[in-house]
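First the structure, which I've put down as C-alpha cells, then a few questions once you've had a look.
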Amino acid sequence: MKELSSSAIVSWLQLLARIYEEKKDYLTGLDAAIGDADHGANMARGFAAVAAKAPQFEGKDIGFIFKTSAMTLLSTVGGASGPLYGSFFLQAAGKSNGKTSLTAADLGACLEAGVAALTARGKAVFGDKTMMDVWLPVLDAYKASAADGDLVAALTKASEVAKTAAAATIPLVAKKGRASYLGERSAGHLDPGAESSSLLIEALLTIARQ
Amino acid sequence: MKELSSSAIVSWLQLLARIYEEKKDYLTGLDAAIGDADHGANMARGFAAVAAKAPQFEGKDIGFIFKTSAMTLLSTVGGASGPLYGSFFLQAAGKSNGKTSLTAADLGACLEAGVAALTARGKAVFGDKTMMDVWLPVLDAYKASAADGDLVAALTKASEVAKTAAAATIPLVAKKGRASYLGERSAGHLDPGAESSSLLIEALLTIARQ
Amino acid sequence: MKKLINSPENLVVEAMEGMEAAHGDLIKAHYNPNFIVRADAPAKGKVAILSGGGSGHEPLHGGFVGAGMLDGACPGAVFTSPTPDQMYEAGKAIHGGKGVLLIIKNYTGDVMNFELAADLLKADGIEVESVVIDDDVAVKDSTWTAGRRGVGATVLAEKICGGAAAAGLSLKEVADICRKVNAEGRSMGVALTSCTVPHVGKPTFDLPEDEIEMGIGIHGEPGRTRMKLQPADKITEMLMDPIITDIPYKSGDEVLLFVNGMGGTPLLELYVIYRKAAAIAKAHGLKVSRNLVGSYITSLEMAGTSITMLKLDDTLRKFWDAPVKTPALRWGV
Amino acid sequence: MKKLINSPENLVVEAMEGMEAAHGDLIKAHYNPNFIVRADAPAKGKVAILSGGGSGHEPLHGGFVGAGMLDGACPGAVFTSPTPDQMYEAGKAIHGGKGVLLIIKNYTGDVMNFELAADLLKADGIEVESVVIDDDVAVKDSTWTAGRRGVGATVLAEKICGGAAAAGLSLKEVADICRKVNAEGRSMGVALTSCTVPHVGKPTFDLPEDEIEMGIGIHGEPGRTRMKLQPADKITEMLMDPIITDIPYKSGDEVLLFVNGMGGTPLLELYVIYRKAAAIAKAHGLKVSRNLVGSYITSLEMAGTSITMLKLDDTLRKFWDAPVKTPALRWGV
C-alpha cells in the first residue's frame, strides 16, 4: 500500500503554491461576490511563502514540514483563512512529528486533528457556508474509505466529496465569516474557502497518484 | 428713426435671462473644453437675478436700469465674467443717466463706455481669445454704421460682426483668462465669453427690431 | 485601475515608509513584520493600546498612533487582517509594564489573528485585554453568525481609550471604557461607488450610475440593499434612523456625531450630510456636544459616507477631549 | 452624476450650514452674502486675513478659518470666484483695526472680483493689501498672459500669514511674508480622473482608463499634457522636477514639502507619493524640515495629487509652527 513520503508532502505544498497562483483571480473573484476580494491573493501569498521554505524541508520529518508551513501561513496569509489553514497544519504537525512518511491511517489522524483545529478556531458548523462545509464531509469520507488502508482510494473518494461539497455551498445563506454580512444576498455564490479547501484535497490526490 | 425705450431695455434684459438659461449647457460646454465649466451657469444665474429685478425698473430711467443690472451682475455672476459684464453695464449707466430712451448715438456712447470698462478691467487686447475679440470689432462696426442714425441697421451690422468675430476665436491660442493655462491646447475651441457677448448683441437686435 | 502606486505588492510597505518619512517625530515604523509604534515606544507606566487591520482604511489605524491615542498599529495587506506575528512583535515593542489592550474590529479574520497574538503575548507574561468592536447596525446581529462589523466606533474607541490610558487608568479600566464605547456607539454606511482592490485591479462590485448600496461595510463588500440614488437629506435619514432606534438613543442623551467619508467623497458633501444628521439628532431631542467630520475610516477610494453616533457621559467626553497628537488627529498639543 | 447632495443650487449654502453646525466653536457663517468668519470676529488689534474662491476646493478656504489662520473666507459657487459684495461684507466683519490682507489665487475672475472688493473696503477707510498667489509651475509664465495659477502655496500662505498676524505684525509685514511664501513656493499637480461639477452633471473632461493629465489645475481644467498612466515614483519625479528647477531650489535649502490629495485620492497613495518626493528632495540636497500630507486644496472628487515645495527660513518656519485652531488644521492648541 502507498504511503506519502516527506518529499511527496513537499511536492504537494509546491503544487499548492502553483495552483493557488493560477487560481488567484478565480478565488478572488469568488470572494469579491460575497466577501472582500482577497482570498485568492491570500492563498497565493501564503503558499508561495511555504514553497519558498522548501530548501529548509530537505531531510526533515513531516511534523517539521507541517509546523513550518503552519507558522508560515499564520504569518503571511492574514484574514480568516490564515489562522484557519495555519491551525490546520499546526495540529496536523502534532500527528506527524518524527514521521518521514504517512500511511493512510497517519494521514487520517492528521486530517482529523486539522479539522478539529478548524472547528476550534472558526466555530463554524456544517451548513454555515464556510470551508467547514467541505472539511467535515471530506473527513468522514476519508475515514470511511481509508479503513482498508488504501490512501489513494481514500483520497479519490475525499476529493470527489470535496468537489460536491464545495458546490453545495452555493445555495446556502452564510452564517459565518464575511459573507454572513450579506444575509440572504450571500445565497447563489460558491464559498471561496470551500473552493480553496477542495483544491487542496484534489492536489493531495494528484501527488498521491504519482 | 427708431429709439430704444426703457421698457425695450427691460425686455432685452429679460430676453437675455431666457437665452442664457436656454444656452446654459451650451456655454458651459464651451467652458468645459478650455475653462472650468461654469460660464453658462454664471450667465444664467446673473441674468435671472437681473430679470427678477424687473418690477423695480418700472418707470425708471435707463441709467438706473443699467446701474441696478450692473450691481446685480457683480454680486451674482462671480468668475471673470461677473466683474466684466458688471463693469460694462456700470459704465453704460453713466452714459444713460436720466434717459428714458436711447438714440443710435446714445447707444453708441453706452457701448463705447462699456467696452472701455471691459478693457480697463480685463486688460485683454484683440486676439487674446476673450470677449474682447467680439466687443472691439462690434464697437467699430456699430460706430461706422450708426453714423447715419439708424439703430436697427447699426445693430444688424454689429450682430453680424459679432457672430463672425466669435467664430474667429476658435483657432486662437488664449492669452488671457482661464483658457490661457492650456497654452496651445486652447486652439480649436470657441471662447465662451465671446459667444455669450455675441448672444447679447444679437438679443439687442431682436428687441430693436420689434 | 488608476492608482498612484508602484505595485500592489509594495503598496503597504511604501505607504509605511512615506508615513515614517512624514511623521518621524510622532511614529516609528518596523518592517517584516510590519507595524507602526509611537516614536517614544514603549511609553512606560501606562496601558499600551494596539490595534490593526487590513490596509485601505487610512488614516485608520497607523494615522492614529501617537501620544493620547494608539501605541501601535499593524497594517495587513489591503483589506486583509494582519497576522499574529505582527501583533505579537508590536505588542512587545509597546508594552510599558501595564499591559496591552487589543482593539479589534469584528471580522472573523481579525478576531482569529488577534486571538493568536493575545495567546503569544500572554505566554510572554504580558497582561492582555481584547475588545471587539461591532457597531455596524447594517448587519443583523445574532449569536449564530459572525455578528456585526466593526466600523466607525473604532476611531472613537481608539481616541477615548488613548485618553484613558494616558490618564493612567489600569488595563481593566481602559478595556471597560472601550467596551462602553462599543456598547454606546452605532454606525451605518452607504456607498455611491465601489472601490478597487489594488491586487484585483477592477471594482469589487458594479454599481449602476444611478444606484447606491445602503449598509455598506468598509471593504467594498456589498451592502444589504441596493436602491436608486437619493438626495443627501434622504440618505442621511436612512442612515440615522437605524442608528437612533438601535440602542435606542433617547431624548436628552448627549452624543458625539461622527460623519465619515469613505475615501472618495469630498468634504463639501460630508458637511451637507452633517447638517442633516445634526438636525435629525436635534429633532430626536439629542444633544450633539462633540463631533468629527472627515475621512477617518475609509475604503480606499470608495465614494460614500458613514455616520457614527456615540452616547457620551462625563468620562467618555473627558477622554475624547484629552490631548492627542497623531498624524491624523491632533488637538490640545 | 453621483453625489451626496440635495441640489447643485443649494450645495454651497448647505455645506456652510453643516460647517457651522459642526464647528460653531471656531467659526460663524453669514448668508447672503455668503461668508465664514472666525467665531470671535473681529479679532481686535491684529491684521485680519481674508481669502476666498470658488467652492469645490474644501477644506480651502472655509476650513482654514480660525485662530492662527484666516479671519474670513468667501465661498463662491463651485469653481466660480465669489463676488465683491461677499468680500466687502466679510472684510468689514473681520476688520480689527489693523487692516485687511486679501490672499487671492491668481485666476482672472478672482483677481477682478477681489480688486473691486478692495476698492469698496478702501472707500470705507479700511487699509487693504492684496497678494496674488501664482505658484503653479505647470503654467508657462509671461507678462502677456494671465500668468500662473494659484494652487497649493495658498494653503501655506494662509497658515504662515495667520501665524504672523497673530504675532501682531503690521499689515505691510504680513503682506510681505505672504509675498515671500509666494516667491519661494512652487507647485505642480496631476489628475487621474476628471471631476464632475454639480450643475454640469457630467465629468469636465474625459480621461481614458489608462491616461493621466499632467499639470492639472484645481478646477477640472485640462492640464498641459496627457500621457499613459505611470508608476507613482515616475509621476512623483515628473511633478518634482519642474518644481525643483523652477526657482531653482539649491542644495542645502531647508524646505516644507506638501503632498496634497485632489479629493478622490486615498491617503495611502499620498504617502506613497510623499515617500518618493522626500527621497527626491533629499537627493537634491534639500532638507525637508516640515511637511503636510493630506487633501487640503481639492478639486471636488478628482483623483490625483499635487506637490508643493516652499523654501523655509526662520521667519516662515516660526509662523508655520505657530498654533492654529481651525476646522481643518490644528496644532499647538
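A few remarks follow.
Letters A, B, C and D mark the chains in the order given here, with residues in each chain numbered from 1 onward.
Here, a residue touches a chain if its C-beta (ideal position, glycine included) is under 8 Å from a C-beta of that chain, and two chains touch if they have at least 3 such contacts.
The structure presented is a predicted model; accordingly, all values stated were derived computationally and were not measured.
By the document's definition of touch, subunit A and subunit C have no common neighbour.
Placing every chain at the mean of its C-alpha atoms, the farthest one from subunit C is found to be B.
Chain centres here are Cα averages; for subunit A and subunit D they lie 54 Å apart. Work out the mean CA point of subunit B and of subunit D, and you get 32 Å between them. Between the CA-based centres of subunit C and subunit D the separation comes to 29 Å, rounded to the whole angstrom.
Applying the touch definition to every pair of chains gives A-C, B-D, C-D. Residues of subunit A touching subunit C in their complex: 25, 28, 32, 34-38, 41-42, 45, 74-84, 121-122, 175-178, 180-183, 185. By the touch criterion stated above, subunit C contacts subunit D in their complex at residues 2-7, 11, 14-19, 21-22, 55-56, 58-59, 63, 192-193, 209-210, 212, 229, 231-233, 235, 263-276, 278-279, 291, 293, 295, 298, 300-301, 303-305, 327-328, 330-333.
Subunit D meets subunit B in the complex at residues 33, 54, 76-86, 107-109, 112-113, 115-116, 138-140, 144-146, 149, 197, 199-200, 204-205, 217, 219-222, 224.
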